[in-house]
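Chain nomenclature is as follows: A, B, C, D, E and F, assigned in order of appearance, with residue numbering initiated at 1 for each chain independently.
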Amino acid sequence: MRRLVPHPVLSVVIAVVWLALVNSAAPGHVLLAAVLGLAIPHYSNRYWPDQVVIRRPLRIVDYIAVVAWDILVSNVQVAWLVLFRSGPRLRSVLVTVPIDLPHPTAITVLTGTITMTPGTVSADVAADGRAVLVHCLDADDPDAVVHQIKDRYERRLKEIFA
Amino acid sequence: MATVVEIVVAALIVIGAFFLLVGSLGLAKLPDLMRRLHAPTKATTLGIGATLVASMIAFTAATGSLSVHELLIAVFLFLTAPVTAHMIAKAHMLRHPALQQQLPSPPGTGWATLAPAPVDPEAPRTGEMPPAP
Amino acid sequence: MQLALIALVPLLGALLPPLAMRAGRNVCTVVTAGVTLAALAVLVAAAPAVLRGETVRAGTDWVPQLGLSFRFMLDGLGLFFAGLILGIGLLIIVYARSYLARSEPAGRFFAYLLLFQGAMTGIVISDNVLLLVVFWELTSLSSFLLIGWWSQAPEGRQGARMALIVTGGGGLLLMAGMLLLGQAAGSYELSVILTRGDIVRASPLYIPILLLVLGGAFTKSAQFPFHFWLPHAMAAPTPVSAYLHSATMVKAGVFLLARLWPVLSGTEAWFVVVSTTGLVTMLVGAWIALFKTDLKAILAYSTVSQLGLMTMLLGFGTPEATVACLFHILNHATFKAALFMGAGIVDHETGTRDIRRLGGLVRLMPVTAALSLVAAAAMAGVPLLNGFVSKEMMLAAAYDTHWAGLPWLVPVGATLASLLSVAYAARYGFGVFLGRRRQPAPAAHDPPAAMWAPVAVLVVPVIAIGVAPQLLAGPLVAVAAGSTIAAGSAIPVDLALWHGVNPALLMSVTALVGGVALLAIWAGLDRLRARIGAPDAKALFDRGIDATVAAARATIGALHTESLPRYLAVILATTVAVGTAGFLSGTYAPGTRALLPVGPPSLVAFLALAAASLAVVVVHGRRLLTLVLTGVVGLMVSLAFLKLSAPDLALTQITVEVVTTILMLLALNLLPKRTPLETGRLRRLRDAAIAGAAGLGTAGLAYAVMTRDLATTISDFHIAQAKPGGGGTNVVNVTLVDFRGFDTFGEIIVLCIAALVIVAMLETALRGAAARRLDQLRRSPLAADVHPLVLVVVTRLLLPLALTVGVYIFLRGHNQPGGGFVAGLVVAIALIMQYIASGYGWAADRRRFDAHVLLGAGVLLAGATGLGALLFGRPFLTSAFGHFDLPLVGDVELATAMLFDAGVFLTVVGTVVLSLARIARVEQRVERGTAARSSTAAHNGAARSGAGEA
Amino acid sequence: MIETACMIAIVAISAAALLNLYRLAAGPDVLDRVLALDTLVINAIALVVVAGIWFASPVYFEAGLLFAMVGFLSTVAFCKYLLRGNVIE
Amino acid sequence: MEILIAASIGFLTMAGVYLVLRRHSYPMIVGTAFLSYAVNLFLFAMGRLTLDRPPLVDPAAPGYTDPLPQALVLTAIVISFGMTALIVVLALRGFLETGSDRLDGGPPHEPEAPGADRAGGPA
Amino acid sequence: MRALIVAPIVLPALTAALLVLALRHRLDAQRIVSTVSTGLLVVVAALLYATARSGPPLSYDLGDWPAPFGITLVLDRLSATLVLVTALLGAAVLAYALAGWDRRGRHFHPLFQFQLMGLAGAFLTGDVFNLFVFFEVMLIASYGLLLHGGGARRLNAGLRYVAVNLVGSTLFLFAVGLIYAVTGTLNMADLAAKVATVPAADAALLRTGALLLLVVFALKAALVPLHWWLPGSYGAAPGPVAALFMVMTKVGAYAILRLSTLVFGPQAGAFSDLAAPWLMPVALASLALGAVGVLASRSLVALAGFSVVWSMGSLTAAFGMLDAGGIAAGLYYLIHSTLSGAALFLVADLVGRARGSYADQLVPAPALPRLGSLAVLFFVAAIAVTGLPPLSGFLGKLLVLAATGTAPAAPWIWAMLLATSLVVIVGFARAGSTLFWKTVPGPAPQVGPPTPIGVPIAVCAALVAATALLAAFAGPVTNELAATTRQVLDTEAYRSAVRPMRTTLQGDTGAVDPGAQP
């Protein structure tokens, strides 16, 4: 089974993606989706040497909801800044966010989240993976930013990833 | 019913367009690259997101069957936009020694872009992910 | 056909001597002589008929389209010349056996000699004027080889080249002349042409024909001013000089004049040109001969002079003069060949040909001396020798000739020339054999009989004909003259020793006495000559050739500078000019098609495209920036396709764009990063002018087309047939895989080849100069993380997604935008992403196949799909499709075109992955080189952070 | 109504593209230009999606999808080039 | 629209021609890329311009744009892609072999480290 | 039999694909397959020629789509002749390359097969855009072959060659586009029917397109002033490749001939005078510049290269007459110059190898053994190329001269052809005497490791012998070519072979008028 379906989650994702692509759930497409769901992971298996172990899949939904909300907010905030605050008055700052995440995938998700959310861009990761360099567009209190990231995202990610 | 759909779609389109414009405005207006990065990577995601949702609704309404393939564009963009910004930021830092001096002192071995590389002729060949800490 | 053997036997026999040489020189000589004898036998067999006044003909067609036939005719003139050529040839062969040094490859020599002999006989027996030209040029070629026999000596090479250039060039003129002659006469067969002299002379082409033919004849026969090559041809071994440059080849020109005499002569133009040339040549040659010190040079210039004599006689245009000419040809051949061979013996025995170092040889080599002296006396026109008789006939003919109202001019000139010939002949005889022996005395003696016997054989007729001309030479000359003058019927000739006291005799006596007298004041004359000075023909010729070569080199050097920009400028300017001329040469009316509306995005896109185009011109020095601008253009073009109802094009453009960008970045990493801007203002203006004109042109043409309707187009069929005939609704895709699948087949082969060539090119990049340069490349400060974590993770997540999209694009292609090419690019992009993020080594380790397999399989699959149709008796690439109703799944359409498209897909993936990966592999070298260097140098981060701002 | 919205959107996106062009022209760094090009692609995707809605045509979707894919890749390639010189190593 | 497309073709041709006439391989290659954009658009325009009539057979479609030039352009794009790849590698390979990227036989480029524009700040 | 028409294209293509797929690491196996395939190609070409000469032109509708909607191949005497020449030359070149050239770099055999495919396709296709595709196949394969074996010189020359041809390809597309824009078709036979009906308002556009196409073909044919690329590229190419390239310039000449007889011939009304005024001046210029180049050359391959330009001038002068005599003469000259030029390039290759470090430079070297047989080969090849009797060059020249007989340009052509012939003879004589006669004292130059030389010499000899045979059998050959020419000029026969259906007005989705089918 492991050899036949090396990445079950991926297989499902691919099947779903296929059905989404064709915008159809006709039997033919379901069959094709199944075939692709089996075949493509088989091929890309070699490119996926490490297993991502998701400990608590349900927390993903929670995480997505939090992030989606933050994205909405951040967009409005950034739009505000862009429209009404001229450059020099922006208190931009680079901060270090120490992290402790178990897996590169988790680190990646965190950096992605940081970039998508309020006024922050993850500019670099520490060579040992234990910190993220974050650029804040307009931050009065850099520590608050660090705290928010660790509290809102890192904590949840630790729960999701094994 | 049709009007509600139309209103929603129209609204989403206008919202999307607004954020797209703001994103590009930020790109044009903000004073330096690190700051400019914020505008497009954020505003455009919502901009595109809104138009994509508009498209999903519009097509679903028009054809009567669910149109979700727009989601794929969104998935692609949400996966890739942070990476784009990240890579640009890294390249920017590498190219600006002045900026390197202002960096907060990194923990441990330093920032990935700037840390001393392990001196190993074979190193470039190994593409494995760094081991989990 | 028998007749052809006279020429063919020696030509084909030329193969024998080199083979026979293995059995020794004697066998070789016997074989060569045997070949000549065989040809001679054929000739002799045909002779009786000819002597009866018949013309023997034989041959066959060769190139009827051209009028060139392989036909021969033997009449008196031909028999006369062929006899001379073969007879003297036989003697030369015997002589050459002894003459050639043991170390010399006699086989090759005899082969060349036979080649020449065949060519020469070919000339004189050709019935077709074009065939004659063939043999004519063959004599030039074979003589080139013979003159250059001693190729290690510069004289040999230069003499050979000069002879080839002059006589070969003359051959070209002759070729043109003969073509025109054939056109004027309506036939290329000599036998016909000879009967159409009136027509030819009346033709408007007559003067061109005459001049071209004379050009050929005069060069070959070394007439002034083309005389200079002949003495330099004397660099050849003496048998060659004796054979080619006295007895035979140089007479080809005279033969030609005689051959065409009935056709071309009898006009004022003929008379003026030919006789004047002959007279001048006769005088110039004799004058120069008088002062030469090299024996062969004396003989060579005397030959020039004698050839002038013959030419002059033919130029007179009277039967008497022509008879005299033919008779003198015979006589000259005998005594001049004897003289040359004698000179060769002297050279052979004494080691010198310098008349100033020779003298009194009669005591050392009496036989040679006696024979040579007789021949020299004949040359001088001493009575009782054959030269006297013919020379007197010449003087008689000259006496009767009025040149442009100056009745004395020709007789005086002829007498003067005779006088000079007496002088040089006497100088030759006295200077070499008589007189006192010079120091250092050469220890010479007569050669073996085999060497002098041929000379003796020639001297016999010199005396015999001198004594009894009518008896011995009369019939032959008569029959030759008959076929020259009177179209075959022999005419009465009177070759008498004594014609009574007449002007000719007086002129003869004057010449003899005067010649001897002249010799008495030779030293004074020599000083006079030296003071006058004369242009050295060879120096002039060499300078001419050198100047021509220098001019050619300067021209080519100026034009072919290996400068691509220049080549392209010429090519593009030509294109613009031709295009403009084409447009202006036709009628044009503006179109009436309504214009499409323009919205803001189109305007902005246009602005972006135009700005990027202009910007790229301005900033092309900054290469990376150029690439970004190219990206802008690519984006706008894709959007234009999308807007203008071409979704397939848009998809293709979008995907191609990114692969091209990556490719360029890969290259740019190793290339210089900036292009120095060119300084030349004029050059930039020129380029801008060409570019502007080209831009205006394409824009104007495009606008002209877009504003008019197209009445009919074959693509209506494509739209109509896509679904019913091709089984797909995407007409573009159906066109690509079906209607015009053959184009696509070619197109994937282009991709496949591109990949193969890239592989082959890069294969050698890790060796030699390239590898050294790679090792030396220093890298500027780099980011420390080779494979940024975030990038690695995301691209790996994207891989399966992108593969799914690839399959999607592929499968829908037949009915919706997409297809094998775009799908292939999408998949390739997905794979390349892994290379970029995770590195070459990592990604290469994970690929399933060598990309070569994809390439080969792709082309094979596409080809095999095409071939499949053949099994059903349909043409290549005939597609088939069908609908299948599967349980659960429903209607499924399967088309062979999809298989074909799969071939496209595989090829595309293979090409992209293979090409990019191979470049990447080369770049690993820099990588490792840098790593190796940094491991030896003390590494610190400060060096990196010190990167300057450019 | 949707049509009006689309028209507004298209004008806005065109304006956004003009602003991107301004950044492309102004730079100053090549990275600014890369970022501008990246944003231009994003705007192109939006344009394509809006055009799809306006013309109720499905043919624009794949273009948007591919724009998303390749826009990312070319930006990454430019950055990788600037970071490491070698795009594939 | 026709004017814009014609002008675009003109601009692209102009840039392409100007660049292929440069003395170094890199701009010349970029020039061929521009020429290929120009000719692709040109070839496409030869089927005349049509809005919103993609050549996808649909009973409801009011008409179609001319599909044939599109197919030709596709072939041309693919071929020019292959050619571009080849010439890029050829230029690279020639540079590695000779140390010069000059096309007019002039002296080679001034030596320069790879990545000179990376080390550079604002370019 | 009809299916065989596609074989000269598909056979080498699939052979090459097979070599890439399965045999890329096994040179020996590649050699066998490549040889067998090329042998088969010769047989196929011979069969096709026999077919072509036994009847009217034959068309082959690829994909079974009727002309002009699909792509049509057309086998007529002309295309069959050129395919046969290509196959024969290909076989000779392959035999030569097998002696070691194919070892010097990767992928020789696939590239070689693809090259043959491109050439055959260019000759057989009856579709202008498909002609473009085959031009590209042919060119890109030639890039690979030109670069085969590497080295700085080859890379430099290769870059120039590729760049020039890329510009040419772009131009081709502009031209084809314009022609389609005015006529709505790509099929040559259909074009032939359509041009006569092109309205006056579009005449300027069609003329521009046609002339641009002429420029493209002239570029491929290396006609002055578009010849720049040739001497350098052919000079840098490996010997056997340069020999094979002798067919490539002929593709340009072929295309000029085909288009200016079939499409823009006398039946084309207002368009019938398109090419003629340009061809003669260009031919004269090519003759002049080629000859000057021959005289100026400092190496044997450069000399051979310029002699190609010169011979293309002769060929164009003949084709430029656009009448029966000129075309027949041109065809003869075409075959001759292909064979003799190939022989010359191969000899130059051998000479270069035999002279070690002196290579093929026209400077005297110390005496060398083994140069003797090469001297003979060079001499004979030079005779053939320069047009001296008794080989085919002489007859070719005679035919060209005779063909131009009454044309107004005749005096010019005669004068130029004869004068340049002399210049070329001078150039060859100087070259030959420097290479084979003149020696300088000194130790013999270091020559490379001994390579098998028997087969290469035999190939050269065979090519030279072929020119002799071409001369010896000039009667039957010119008869054949006269028949070929008659067929070339009989455009009606070509069109009725292709049977292009009539297209109806736009918008009528029926598209095909069945009544139009003959």
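Criterion: a residue touches a chain if its C-beta (ideal position, glycine included) is under 8 Å from a C-beta of that chain, and two chains touch if they have at least 3 such contacts.
Here the structure is a predicted model, which is why all the values come from computation and not from measurement.
Any chain that touches chain E and also touches chain F is listed here: C.
The fewest steps needed to get from chain C to chain F, moving only between touching chains, is 1.
A summary of chain positions shows that the Cα centroid lying nearest the centre of all protein Cα atoms is that of chain F. Taking each chain's centre as the mean of its C-alpha atoms, the one that lies farthest from the centre of chain B is C.
One finds 40 Å separating the Cα centroids of chain C and chain E.
Between chain C and chain D the centroid-to-centroid distance comes to 59 Å (mean Cα coordinates, whole Å). Separation between the centroids of chain A and chain E, computed from CA atoms only, is 37 Å. Centre-to-centre spacing of chain A and chain C amounts to 73 Å, using the average Cα coordinate of each chain.
In chain A, the residues that touch at least two other chains are 17, 21-22, 104, 111-112, 122, 125, 127, 129. Counting partner chains per residue, chain F shows two or more touched chains at residues 129, 133, 136, 140, 143, 147, 150, 152, 155-156, 159-160, 163, 167, 174, 178, 180-181, 186, 507. With touch defined as above, residues shared between interfaces to two or more other chains in chain D number as follows: 10, 13, 17, 29-30, 32, 34, 58-59, 65, 69, 76, 80-83, 85, 89.
Note for the complex: chain A touches chain B at residues 17, 20-24, 49-50, 71-72, 74-75, 78-79, 81-83, 86-88, 90, 92, 94-96, 98, 100-104, 111-116, 119, 121-131, 133, 135, 137. Listed in rising order, the residues of chain E touching chain C in the complex are 1-30, 33-34, 37-38, 40-42, 44-58, 64-68, 70-75, 77-79, 81-86, 88-93, 95-99, 101, 103-105, 109-110, 112-123.
Residues of chain B that touch chain D in their complex: 3, 6-7, 9-11, 13-14, 16-18, 20-21, 23-25, 27-28, 33, 36-37, 40, 44, 47-48, 51-52, 54-55, 58-59, 62, 69-70, 72-73, 76-77, 80-81, 83-84, 87-88, 90-92, 94-95, 113, 124. Residue ranges of chain D in contact with chain B, taken from their complex: 1-2, 4-6, 8-10, 12-13, 15-17, 19-20, 22-23, 26, 29, 31-32, 34-36, 38-39, 42-43, 45-46, 49-50, 52-53, 56, 58, 61, 64-65, 68-69, 71-72, 75-76, 79-80, 82-83, 89.
Chain C makes touch with chain A in their complex at residues 784-785, 788-790, 792-794, 796, 799-801, 803-805, 807-808, 834, 838, 843, 846, 848, 886, 888-890, 892.
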